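Chain lettering (A, B, C and D) follows the sequence in which the chains are written, and residue indices restart at 1 in each chain.
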């Protein structure tokens, strides 16, 4: 009989409910013991669907339950840091959705709490668990294609989120590009300097709150490599997720996946399918795998694959990009908090 | 509250256990009420994993249970026909794995029983539910690329099954190519004549029982189109599943999927990934979708998407191919039972 | 100073004029000494374009010229055999466009004449010189992917030739598929049996003279492999030229080339270019290379890469396919002349 | 009878000899009247190969020949400006290889001379004539995929040129990236600002003269779009030439071409061919087309497709990139001469 990790999910909205289903259906090493949401009826609906007995509105009720070993935090971003601190004090192992927080001070507080309590803290950078991006990293890390020289990422959403979401999102560098800022570190290690340019080309309303819908960011890495990321809020042909690590003895690329493998040839040429629509579809297996690995780390007391430090570093890069954009100059990462 | 279809799975081996997991985890419109296997411990293991209360050794125990509306038959092929008959007499809706039976008389008996009882009988030709093959069919059926002229299928397994399985399998035309014989009917309708050639090029042991490991089958369709299928028992680069319907105003193709989207470029060229390993991986979503549609048909009393007649027709084509191969001549489908 | 082979081109229509330009512009080892066409003005135009001094109407005038070492025959098919005989008797080295002739007796006469005279006779099966098809053959011949098991060819023209051409062409198996009948021998060696099916699905006028616009031919090879060819007279998406040799330890494929490398992504998906329009574009480099190699063989007295025997064998396969189609039975190659 | 443009080629080294062959063999509207090289034997060899009567060492001898209407300048870069001035004064139409000169003052002098004399001056930015890049531009210019937002170029050489060439080349931004600086203007129009980063990761000897082997350049366009170029001196998998213009309603990409269309599948995956080796192979048709269009413009007195202004603008961008790299700050194009 395998030892199961008793886990509670705090925040059962879009992302949290996906985690709940994944735990129940695809992670036999975990037991979903309880669900929590300040909108109790939202938590209740998930519990009903999955047959979960315990449903609470206040996450403190779960922290005092000695039977619960770990919490998965998928509540709204502004609540992350406080829940992490409380959960750490209660001795829970912690998986927290990205970003840890918008404020670096809050992040530092949360990290310190976790460290002091000696609990694990994994951050939900799901793309690290994508099979193609992993494969690129393995090939590069193996050294078989030599030294990394140029990293390129194309990360374009298929459409804008709601404007009210955007207004509170931290903007394109802290919301959309944050995944790239983690990915570049996953692939090539630390960044020392960034330069960002961008524009509002698709949705003028963004000008009201100083956000962008289009950007390019270039990066210098500690290992000497250089990189370029490009982002857009709206790629009408679908969620565009590409990566390349060009090295001294070869190149490793991750192309887009396709919704299906059908191709139609006619007088216009050959038409093939768009990519899977959005992150929920494209990265579905990653959401399972990140939590599965977290559970394994808890069961076997191993270091988690994406640490709080990783979570902080991506936010720092986001702030550096914004600073670079606003001051129109390259910004050293050391300039940020 | 949705009405759930109470369903029992008979035969919980490799395929049956997949169906059990799919029903529990991914088909909320069905309730897996009971599982049955003559190897009771096999059924018990599946029940334990999925939290199923009722576990029986003898399927008759399930047929007398008025609470069970439908059965999914995934037991060994020789038992299919008898279970269908019994289940039909008991008024159960029936989903049966392919092939219905090896003997056309047995198939006819089973079909007659289902018809007499007025119950649904769906056959498990899972590939009809593959998104790419469906897309090809939709495009062709829409008429946008004109009249079908040539159908081509490449269906190659990544490796041989166990020899003892092969000895009882009905041989390459009734075991491996049977999926293609259903697929050609799904895409282009009825076949009127086939010619088959083949050889033993990979595994001499097959000669002991007259089977082949390599074949090509050509077909004439009632609509005037022609087709060619090729099969192999062992494609070392992986499970090769391709289809093309060439039409008077274009062509529709379904290519292979890939294990991942990574590509490595070096002095040798560009290396991309193999296809997903085998049917369990490649057609995983199809196993869910075929049962989901069956459940929908039961709930809404609609005709099933793959009928007993379809199940029979594919077996007839398999026999026609064997007859053609053995007599080295084209064989009309009307020559077979 | 390189020794140049003095060559005369007999027949300066579409194909002959291409050969003339290739010799003058791209084969420095050859000197185009004279051109000949029964339509003198056609030959004159080519001569003017390329600065050729000698222009004749009657090819016999060239054969008596001791200065001419080789002739390239690109006149109409019915004249090939007689010109070969005359050129052989005159001691000229011979390159002849395909097919050698429609009548096997004529072919035999021409081959005997060349053999008796001890002159080289190369047949214009240009596709053997395609870089992708060559690469497939090299890989297969190297043994690195094991034993050949299945050969597949798709050969579809982009559109019908003129009906009056078709009426005298020998029909789909002797005109269009003849290239495939040579290609299969190039790739896998001798064929022992064929079975052909076909239909008129695109152009009813073909029924007037018993031709087909759609066919599938299956083949058994002496080495035990099996094969399938499919042909169409009209692929609206362009000239479709694909080949696969599936082997026991891998597969080697030659896909289509593309008119350009542009891809457009929009809400419909990703659209890529059609193949190069037709044989003149797709196989342009082959027309140079086959003559270049012929010239090299003449200069160094080596055996030619495509022999008269090869030219005969492809025609035999064409007749076998017609016999198979008309009698609806597999036909052994040994049944034909 | 078509009117032929009498053209002389000045400089018959690697690039010049290619132009000579192209004019003679593939541009019937031009007559190659004379060739010139300060290494007379080099010019003589080309003349012998192509049957050109007139061979001179000093280009002034050609300028006084009233029979010569146009000159194609393919001599070494430092000689370009002076030859342009002299040729313009002599009233010749001018095609000049890129770059016009390294010194902006020299370029301005040459442009002024051509303008004063009222002669055409076309610059040899061959990539504008690539069918795939043209197709991208056509699609974008048509407006069918909306407003340009992001331009991406990957331009990587397969290997380093000789070090002595590099030392005098102007460095990576004026030698390698200069093609991209023209291409971005061809695709999206004027650039207003650039930021460049780079490194020496492959060949330490470059540090001796301050050159780079790896770089990324980002650009702001006058139309609001942003762009990123990446360059390397050595891509071991071959000459990597990719371009994308991402727009508000779609994206247009130009991928790499391939040496052949063969694909080998085995236990490692699927291996496809590298790109054509280098610019002489990949852009071969462009070298013909640019001169063909120049000849057409001369014959019909039309504006040339790549002007002296275009030639100057690319050099300006190269200097801006160097300034940006050296000062590590974004540089406005208006800052450069």
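The rule we apply is simple: a contact is a pair of C-beta atoms (placed from the backbone, for glycine too) under 8 Å apart; a residue touches a chain by one contact, two chains touch by 3 or more.
Just so we're clear, the structure is a prediction, and the values are computed from it rather than from any experiment.
Here A-B and B-C are compared, and the pair linked by more C-beta contacts is B-C.
A separation of 43 Å divides the Cα centre of chain B from that of chain C. Centre-to-centre, using mean CA coordinates, chain B is 58 Å away from chain D. One finds 39 Å separating the Cα centroids of chain A and chain B. Multi-chain contact residues of chain B (touching two or more other chains) are listed as 235-237, 249-251, 265-267, 273.
Taken as a contact graph, with one node per protein chain and an edge wherever two chains touch, the assembly is complete, since every chain touches every other chain. Within the complex formed with chain B, the chain C residues making contact are 147, 149-150, 152, 154, 156, 195, 197-199, 201-202, 214-216, 218, 220, 224-228, 230, 232, 234-237, 240, 246, 248-251, 328-330.
Here chain A touches chain C in the complex through residues 235-238, 265-274, going by the rule given at the top.
Of all residues in chain B, those touching chain A in their complex are 25-26, 28, 49, 131-132, 135-136, 139, 145, 249-257, 259-267, 273.
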